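Next up: the structures, one after another.
Next, two complexes with subunit A in common: one pairs it with subunit B, the other with subunit C.
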Partner chain A sequence: MLVQGIKSRPEYKGLDIDPHAKRHLFVLEGEGAAALTDQVEARGKDFLAKSEILYLAAGAAPKAYDVALAALSPDVFWQAPTLQPMLFRLRACLDQARMGTRLYIAGTEGFIGQIMQVALEFGIDFNSIHTEHRGSTARRVQCVHCKGITDNVTTSPFACSHCGLSLLVRDHYSRRLGAFQGVNIDAEEPGTAPQPEEMFP
Partner chain B sequence: MSLNTDMPVRVADVTEVTDLVKRFRFERIDGHPMPFFSGGAHVVVSMNDNGLLRRNPYSLMSNPDDNSGYEISVLRVPNSRGGSVFMHEQVRPGDQLTVSQPVNLFAPDHRGRKHILIAGGIGITPFIAMMEQFSRDNVAFELHYAIRSRSHGAYWQQLLDRYGPRRIKVYVDEEKTTIPVAEITDNQPLGTHLYVCGPAGMIDGVLMTALKAGWPKENLHSERFLAPPAGLPFQVFLKKSNIHMTVGEHQSILEAAEAHGCDAPYMCRGGACGQCETEVSSCDGTLEHNDIYLSDEEKTSGRKVMICVSRFKGQQLVLQL
Partner chain C sequence: MTITFRSETFRDDFTFRNSLYNIRRFPFPFDRDEYMYSVNMEPHVRGKKDSVFENLIDVDEHYVAEMQDRALVLKEDPLRCQALPHMMAAQWDTLELLMEHQAQDYPEHFTVTKNGDRWRWINRPMGIDDTFTFGDPATLPYQPMEYITRQAQGDFCIVDQRDNNLWMDAGMVTTQADWSLDFDIGMNFMEWHGPVPLAHQIGVFDRALKFLLNLQQGKPTRRLNWTMTVNPRLDTSPENYHKWGPDRLTVTPENVGEKMHLRVELQSLWRLPRSNAILFVIRCYLISLEELVTVPKWGRRLPRVLQSLPPEIIDYKGLTRNRPIMIDWLAKYDDGAPTSAGIFPD
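Now for the complex of A and B:
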């Protein structure tokens, strides 16, 4: 069960190297590494000399994308063990960045949303950020009742990991929170929630 | 149509700023406060020039916090359509005029962490209100202001006194100093927004330089002063109003429609906002699109026209108006 056709659902238009940018900052997660290697195949390696890559392997660690990314010899390659150090490093990068810097994000939706959240704090217009969805379609969902956020939601409805309410997943998205908004599905008659359906593999 | 909330005002004050620039202060005749506006906003001033209705947009330059009156500055442009000459020669303190509600098509992006303002000549006016707002909100900004000569340039001294030389940079043609746009756009912190207002050539140059320096277009803002260009007279039929009319040499389609009593929608009267977009029923000839609102595809399709600035060459133009 999914409520679709809500305008706030983000669109990920794909990475597209901006030829005028003075510097490229790639923030990639898991399968998102392939979004960059595909660009290199299509456009050649010239832009890598002014590129910085921040990579979080996450669930794709066995595929060793980090080796492939490091082999591209970008100006800077840095690998994060988990998301938190990634966000810390990103803040430091953006704090020093100048207007000619273009930001590219690729990975799962939850990752893109959380990187975007930091970027917006730095006054970057979201329309100027290039994004590409790669890997799992699992969602990051905020419970509109208790405000707790649950990562990697693959079913709808699902039980909120904070308050336990059964939540319906919708396309209603908050860019500010970097999460979809889940609402209680059986509020009128508690206990009548339909069976969870696997929707976001 | 135009929201029909125009305000009758009295000219409270007329100040000669330079040889060619006069400042006008308007206050409401009924004594009520003016609506608050935001920096970058303009109003359309309606003038009755011996029975001829003239409507010109002017940027508001007074403090956006001050709702006791509005102030605009008018550059006298002798060989133009006559609105600025009318303001300079005919309008005196105590006169009555009508101004529209404020409309902002050039608002600062409040998500920005720093704002760079680039002005040429009379293009300074929206920035005077914007800077009041930035200063009040304690937001980082700098102004780069190009003038022909120190005697012809308006407000540069007052701005220097008010905000200091660190934030106000003045460049003078006569002294061979020009705005170093490449240097300015080269090294700005992420989250900077740039705003440019002035002659078309200057706007194009600044935007092009910033894009080449790697700025995303989302951080670039401009306001152009497009006056309706003159051209050969032509015939238009307004289908819904059932009016056959001739658009004169120095008239826009919108002005001709208004002169025939057709209450067409408008906001900026400068080809920028899209409010006066009108459907073309048939067109036996060529549309001359002078606006910066329609996309190139829309212009080519010939199904829409912005009647505030665009013209027509040919036999007959029929509009859904």
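Now for the complex of A and C:
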């Protein structure tokens, strides 16, 4: 479960299939595949004929969700080896998307954030995007000092992967950056940072 | 009145000082002997002569030095000034508002002349004399918001209004109390206030937002906010926290009066005419404890306020380390006498 009550963090309310959509675009990562298969169980398979699924297995590869997703026989199933081609493909999909397309994102928060960033660039209202958090609660964090982003942060503090400062992960999230804010924890007395604690498993 | 602008610094050797005149006009933020968050907004109308409320856009003796410090910050970090693309009309609104107020209230220092869309702007303290076409960004050396806010004291945020919310969609932020425009740009009112403790729970932001959504043109509103800063440093940004954070360890009982500064933000909010956005001016005033206690009422009141603070506010305002030193040093200025209501000196 994600920590509740962070005002600036988006609410991930669940995929919840939109019955009025003309086309469904699912962008899923790792355990996010199960968010879609749960919907199929609850809602039936009808919407799949109008669905395109883009999937990035990431850390969940051993669980073979890709096989389960392909077996749903959606209109399009495509699998990305890493995030970069996923983003490239997503842009192509959004370039060609027509009125009535509904975007769904499920996976870790860092993944949702990065897909959302692309969607925002295309002028999609973030309120209209259906999202569901699945998998690790690791955070994507931007160092407020050097502006470098570190993915999959599970501890606080942690060392910025760019400038090396020891960063406290603030409960403050930027949708535009798709990241939490990291602030140097021992700025007042360098060298006094506490031991990293596993906060976001 | 012609202002004599001081030559001073807000970094390195910290030569910033307030003149006696400027101390008396400092916007002391405590109207009683204790402090808690509230929706402390009042109409932004002209107030007492020789106070910071005398003019609605206040220009004081630190003007030139503050603008020099802003230019230095922007050289180091251009992301302190950003505007999302849909904010251009609001940028022009901002330019107009600031030029008109500065020229009207300080005619010896600023002049704006309009000939249709051809405007001429003269800023004598900064040696600027530019002619441009209002509405055409290509006729200015910077985008309109950046151009004028390089020539106006205070931080500036322009918030867009839509979906019953306010959105931080543009800003010039170089004198901030530890928040990042680059991180917060694009956020709504509740989101950018996310990290503030206590106030959400007591409904302050719900009421403030409701109030601001109904802000009318020609009826600006204001409030005071405050924190404390070691050394008269304007740029206490999170970006540079690892550079100014160590200052907090330099405070001793001997130097606290000189080093510790009360930092007050006079926040004013203005509905803009073309864009329907709101200009949010966050004007920062600094005063050292030594300067502050020259006004006996303030010397009595400040230690009482510092004593009364709830722990969350002490932590959020970064006072944990130095509050006891301040209270000890200030104690000798509190003889226990009652203080008069309101913020002004007796």
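Couple of notes before you dig in:
By our rule, the second predicted complex is superposed on the first by the 195 of 201 C-alpha atoms of A that agree within 3 Å, B and C clash if a C-alpha of one lies under 4 Å from a C-alpha of the other, contacts with A are read in each partner's own complex, and residues count from 1 in each chain.
One rule holds in what follows: a residue touches a chain if its C-beta (ideal position, glycine included) is under 8 Å from a C-beta of that chain, and two chains touch if they have at least 3 such contacts.
Keep in mind it's a predicted model, so treat the numbers as computed, not measured.
Applying the stated contact rule after C-alpha superposition, one finds that A:123 touches subunit B and leaves subunit C untouched. Shared-chain residue A:183: touches subunit C; no touch with subunit B.
After overlaying the two complexes on the shared chain, residue contacts for A:22 are found with subunit B alone; subunit C is out of touch.
When the shared chain is aligned, subunit B comes close enough to touch A:94, but subunit C does not.
In the superposed model, A:7 lies in contact with subunit C only, and not with subunit B. In the superposition on chain A, contact of A:175 is made with subunit C only, not with subunit B. Once chain A of one complex is fitted onto chain A of the other, the partner contacts of A:102 are limited to subunit B, with no touch recorded for subunit C. Looking at subunit A, you'll find no residue that touches subunit B in one structure and subunit C in the other. If you check the complex, the residues on subunit A that touch subunit B are 18, 20-23, 94, 97-102, 120, 122-125, 127-128. Every residue of subunit A that touches subunit C in the complex is listed here, in rising order: 6-8, 142, 144-145, 147, 165, 170-177, 181, 183-184, 187-190.
The residues of subunit C lying in touch with subunit A in their complex are 79, 180, 182-187, 190-195, 200, 238-242, 244-246, 248-249, 321. Residues 109, 111-113, 185-193, 211-219 of subunit B touch subunit A in their complex.
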